[in-house]
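I have placed the structure first, in the form of C-alpha cells, so that the comments after it can refer back to it.
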Amino acid sequence: MSDLQTILDGIHEELSPRRGEGKVATYIPELAKVDPRKFGMAIAAVDGSTYRAGDAEEPFSIQSISKVFMLTLALGKAGEGIWTRVGREPSGSAFNSIVQLEHEAGIPRNPFINAGAIAVTDIVMAGHAPREAIGELLRFVRYLADDDTITIDDKVAKSESQTGYRNAALANFMRAYGNLTHPVEHVLGVYFHQCALAMSCVQLAKAGLFLAARGGNPLTGHNVVSARRAKRINALMLTCGHYDGSGDFAYRVGLPGKSGVGGGILAVAPGIGSIAVWSPGLNKVGNSQLGSIALEMLAARTGWSVFGA
Amino acid sequence: MSDLQTILDGIHEELSPRRGEGKVATYIPELAKVDPRKFGMAIAAVDGSTYRAGDAEEPFSIQSISKVFMLTLALGKAGEGIWTRVGREPSGSAFNSIVQLEHEAGIPRNPFINAGAIAVTDIVMAGHAPREAIGELLRFVRYLADDDTITIDDKVAKSESQTGYRNAALANFMRAYGNLTHPVEHVLGVYFHQCALAMSCVQLAKAGLFLAARGGNPLTGHNVVSARRAKRINALMLTCGHYDGSGDFAYRVGLPGKSGVGGGILAVAPGIGSIAVWSPGLNKVGNSQLGSIALEMLAARTGWSVFGA
Amino acid sequence: MSDLQTILDGIHEELSPRRGEGKVATYIPELAKVDPRKFGMAIAAVDGSTYRAGDAEEPFSIQSISKVFMLTLALGKAGEGIWTRVGREPSGSAFNSIVQLEHEAGIPRNPFINAGAIAVTDIVMAGHAPREAIGELLRFVRYLADDDTITIDDKVAKSESQTGYRNAALANFMRAYGNLTHPVEHVLGVYFHQCALAMSCVQLAKAGLFLAARGGNPLTGHNVVSARRAKRINALMLTCGHYDGSGDFAYRVGLPGKSGVGGGILAVAPGIGSIAVWSPGLNKVGNSQLGSIALEMLAARTGWSVFGA
Amino acid sequence: MSDLQTILDGIHEELSPRRGEGKVATYIPELAKVDPRKFGMAIAAVDGSTYRAGDAEEPFSIQSISKVFMLTLALGKAGEGIWTRVGREPSGSAFNSIVQLEHEAGIPRNPFINAGAIAVTDIVMAGHAPREAIGELLRFVRYLADDDTITIDDKVAKSESQTGYRNAALANFMRAYGNLTHPVEHVLGVYFHQCALAMSCVQLAKAGLFLAARGGNPLTGHNVVSARRAKRINALMLTCGHYDGSGDFAYRVGLPGKSGVGGGILAVAPGIGSIAVWSPGLNKVGNSQLGSIALEMLAARTGWSVFGA
C-alpha cells in the first residue's frame, strides 16, 4: 500500500480549498467554537501500517461515533439480548426524532440514533455507578486505540448537558415506557460524557481497526470481539450509521461508517483497514460535508467498497 | 467451489421439515394459490458454474424482485437524474406506506418500496407505450438470464390489478404531486406486469449475476452496467431491499438482497456469485421466512458477507 | 331584527376595500377563473325573513359545503350506523391528508374532510347508479332551499375530476381497506359532482336553515331531520367544519360552520338563523379569508354565539 | 328549575348499578387507590341555586380540569399573546402525544393537552417562584368557588412527579424548542401540583360557574373575566376539552366540557349553569365513562345544548 499515502495526500490537497464548507453544529455551545477549517484524515491498515494527512493528530469531539464503542461494550455485556430494547432498522428520520419512539412504544429503531444510544448506555450501566460506566468506556477506548492519552472533554460534556433538552426528552420518554432502568439524570450524565470523548483521527482509526480485522486488533494482538460480531457491527454502521443519510453514504462510499456532529466519521473497509476523517462543517443531514466527500474520493481511488471491486 | 453444492444440499435438507412456515401472501388472490411447501435455491457463480437445490427450476412470481431490474433499466435510460424523483434512503416503514409520501411531498424514499418502483416505472416508460415498456423489461430480463423462456404471468398481473387499490392510491398521490408523467392506469398497468414476471431460482440467480461480477455477465460476456453502477445497485439492495426488515437482513445475512411477496429473494455476493431462494411463506415484515433463514445459513457456512471474512 | 340588515350592510361596506385578499384556490382550474373581488352575504332567519348584502344572489361553487348536505342524506339513509365507517373527531391535519387514514386503517376522522366525505358519498350511493345519486342530492338541496333553479356546474365537476389525483388516492386507499363498496371511479364521479353544486349565498342560507330551526324549514314547513339530528350535525360542523382551522373558527366566531374552497362558508346560529358568506380568497388553512372575518364581525355585533351571550 | 333536582336524582339512580364501569387510571399510583364506585353530580345554576346527587361533596383529584383554571389565569396575565406559544386546534391524537409537538416545532396544539398546559403553566409562572405560582392558582380556585377549604393533595402531586416521565419528556422537548422559559423541574413541579387540586363536584361546579354566566360569578358578584373571554374559553373546551374524544362529546352532549383522568368532568351550559360529575372509571379515550353518560342523559332531559333547543 505504498501509494495509499499518496492517495490520502492527494485528497487532502484537492479538498483543502473547500475547508470551511458546511455548517458547524451550534446547538452544543462548546462545539461551535471549533475552527471550521480543520481537516484531518487517518487510515489504520490491518497490516499495522498507518497513514495520515492534515490535522490527523488533533483531538476533536467524536460525539456520536462513540455510539459504536458503547454498542460494542453493551454487546459484550448483554449479548444479543440487547435487541429486545433497541431495534436494528434504519430510522427513516432525523437523528433525534421522538416521533418514531412514540409509534413504537419506546423501543428506538437502532443503537446509532440518540434514543437508541441512550438505551445502550442504560445497558452498559448495569451494575455500575455513572462514574464507573464512564471510566469503563474510557478504558475500553484507550485499550482499542492502544493509547492512554485519550480523554473526555469535560467542558463539552457540560456544554451538552446544559443544552441537552431533546435528549432529556428522549430519555424521559423511554423511561415512561419502561425502557430505561436507571435514573434519567444518571443515564444522561453517562451519555453526555461518552459524546464528549476527544480523539484524533489517528486514535479513532486505530480504535476502529478491530472492525476491519475480524474483531482483533493487529496492532496489539488483542481479541476484541468475534469475527461474527465485527461483521454485525459493520452491518449496523452501514444501514444506520449516518442517520437519514445512511442510504446515500452507502451509495456513494460503500463502506460501513459512523458520523458525529463534531465533524468526524469513522469508516471500515473490512479486511483492509479503518479510516477516520474530520472536518467540522456538516451537510444537511448532519454528517461532515468534506469528510463525506473525502471518503467518497478515497473509496473511488482505492476501489474499497463492500459492494464489489 | 466443489463443496458449494454440498452446502446447498445440506441447507435444503435441514430446512425441508420447516417447509410451509410463514404466511403466504393472500392480498393478490393468484399468489394465494401457490403451494406453501415449495422451496428452491440456486447459485450462479462468477466463474460460470451454477448450483441448485429443491424446486430451483420451477418458475414463481418474482414480484418486487423485479424492482431491481426496472431500476437498472431506469438508470440506463435516465442515469443519475432519476434521483430527483426517488430517494435513496431506507423508509423506516412498511413497503406500501403512504405516510412518508405525504411528509416528503410525493418523492418516495427509495426505488424498492412500491411508491418508488412506480416512479421508476414511470421513468422507464418515457417514450414508450405501456405494452412496449413491458416488452422492454421482458427482453431485458431474458437477456440478463440468457433465457428466452421467461414470461410474464398474465393471470397474476390481472389478479394484481384487480386488488391493487393501495398501489393505485400511491400512484394517484404521486401524480397529485407531479411526480408521475404518464396516466395513472398506464403506469399501474406496467407496474403490475413487472411484478408478474415468473422466473425460477436458476433464472433469477443468472439474471442477477451481473451485480456480483462488476456489471458484466460471465455467462454471456455481455456488459450490462459499469462496475460502479453494479456497486451502487448493491448498496441500495443492502440498505433498502427488505422493506422494514433491511437492517435485520444486513445484520443476519450481510449480503445485498431484494425480496418479493411471492417468497423469492435475490442476494448478491460481490465477486463471488448471485443467489436466489424461494419459499412462499412470509415472515412478519413480508420477506420469505425460510428464504431468509436459508440465506443466513448459507452466509454463515460459506463466510460470504460484505462485512468481513 | 330590523337592524340586522343594517349590521350586514355595515360589515359589507367596511370589508369591501379588502376584497381580493387571500388566495383563490387554483388546483381546480375552473375555480381559478373566479373574480377574486366577489363578496356576498345572506342570512335566512328562523322567522322566515332573509337579509342580503353584496353578491348574495350570484351562484358560486359551494365545494365542501356540500358535505353537510351529503351527511344529512347519509344519516337519513343509514342512520347512526354510518359511524362505523367514518369518525366524529377533528382531524388535526389538512383537509386532504392521507396520513391519518393510514394510521387509522382506512376510517376517516370525520365526514367533513375529503376522505370522510368520500365514504359518506359511498353510503349515499347504496342502491343507486352514480347519476341517480347525483340527482338525489340535487333534488334534496333544491327541496331544502325551496329553489329549483339550483344546478351543478358540469365544467367545475369536470375540472375537478381531471385534477383530482389526491382524492383518487384517498378513495383507492379506503377501498384497499374495504371502506368503499362502489367502484372508485363511480364514487369519485358522484363526489366531484357534489362539490360542483353552484349556489348563491341566499340559496345556501335557505338550504341550511333547517339546522338553525330544530330540523325543520320554517320557509316551507317541511320537517327535514329531527331536532336531535340537527343539533348533532351542528356539533360536527363546529368541531370539524373548518379543517385544521376549526378550533380557531370556534374561538373567533363561535358558531357551527362549514367552509368550501370556493370561498363560501355556511354558518348556523341555532334558534336564530343560517348565514352564508362568499369571498373567493382563502386564508392559510384554506377557508375564505374575508368570509371568516365577516362572520367574526357579525357574531360580535349580534352577540350570536353558541358559547354564551 | 324545581325539577332539576328530580332529573339529577333520576340520572344518579339509573346509573348507580353501573358504578365501577370503566378503568380507573393507574399510571398515577395515588389515583389507583380511589374507590371506583364513587359517583357524584352537582349543578350550579346562574340563578344561584345548586343541585347535587351522590358523592357530590367528596373531594377528588380534578387533574386536567385544572387546565381550565390555569388557562384563565394565563389569559388574565398575558392576554391573547399566549397564542404564540400554544395553538387553539384540536390535536387529533392522545392527550400526551409527543408526535405532534415534533411536527409543529414545540408549539402544542391547544392548552388542554398536557404539552399545552405545561406551556400555559410556564406563562403563569412569569415573575413567580414555583411555590408562589401554586399559591396563586389555589387562591384563584378558592375565589372562584368561594370556598377556602379547597386544597392541593400533596400525596397526589408527589405521586405524579414520581411517574411523570412522559410529562418530563414533553417539557424537555418544548424547552429544546425554546418554548419554555423556566427550568423544566420548576415548571413540572407547578404542573404536578395543579393537577393535584382536590375538589368536590359542588366546589367544581361553583368554580366553573363564571363560564356560564358571562364571565361573572352570580354567587359572589365577582367579575372574573369578560363575557367575550368566557365564550372563548367555552369554545376551547368544546373543541379540545376531551382529548381525542372531543368530537364525540360535542356530538353526544353538546356542551363545552373538560375532563380529567381522576374521573371528573366540568361542563358548561352557557346562560344556564355549570355542571360537575365524578366517576373514576375511564373510557377508551381517557374520559370518565359514567360521567360522560350522565352528562349525555342530563343534556337530553334538560334540552341543554349549545347546538339548538
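The first chain written gets the first letter, and so on, giving A, B, C and D; residue counts start at 1 in each chain.
In this section, a contact is a pair of C-beta atoms (placed from the backbone, for glycine too) under 8 Å apart; a residue touches a chain by one contact, two chains touch by 3 or more.
If you want to know which protein each chain is, UniProt gives these names: A, B, C, D = Glutaminase.
The structure presented is a predicted model; accordingly, all values stated were derived computationally and were not measured.
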Distance between the centres, which are taken as Cα means, of chain C (Glutaminase) and chain A (Glutaminase), whole angstrom: 55
Centre-of-Cα separation between chain D (Glutaminase) and chain A (Glutaminase), whole angstrom: 47
Centre-of-Cα separation between chain B (Glutaminase) and chain A (Glutaminase), whole angstrom: 32
Residues of chain C (Glutaminase) whose C-beta touches two or more other chains: none
Graph class of chain-chain contacts, one of line, ring, star, complete, other: ring
Pairs of chains satisfying the touch condition: A-B, A-D, B-C, C-D
Chain C (Glutaminase)-facing residues of chain D (Glutaminase), complex: 87-93, 100, 109-110, 211-212, 214, 227, 230-232, 234-236, 238-240, 244-248, 250-251, 254, 256, 270-271, 305-309
Complex contacts: residues of chain A (Glutaminase) adjacent to chain D (Glutaminase): 97-99, 101-103, 165-166, 168-173, 175-176, 184
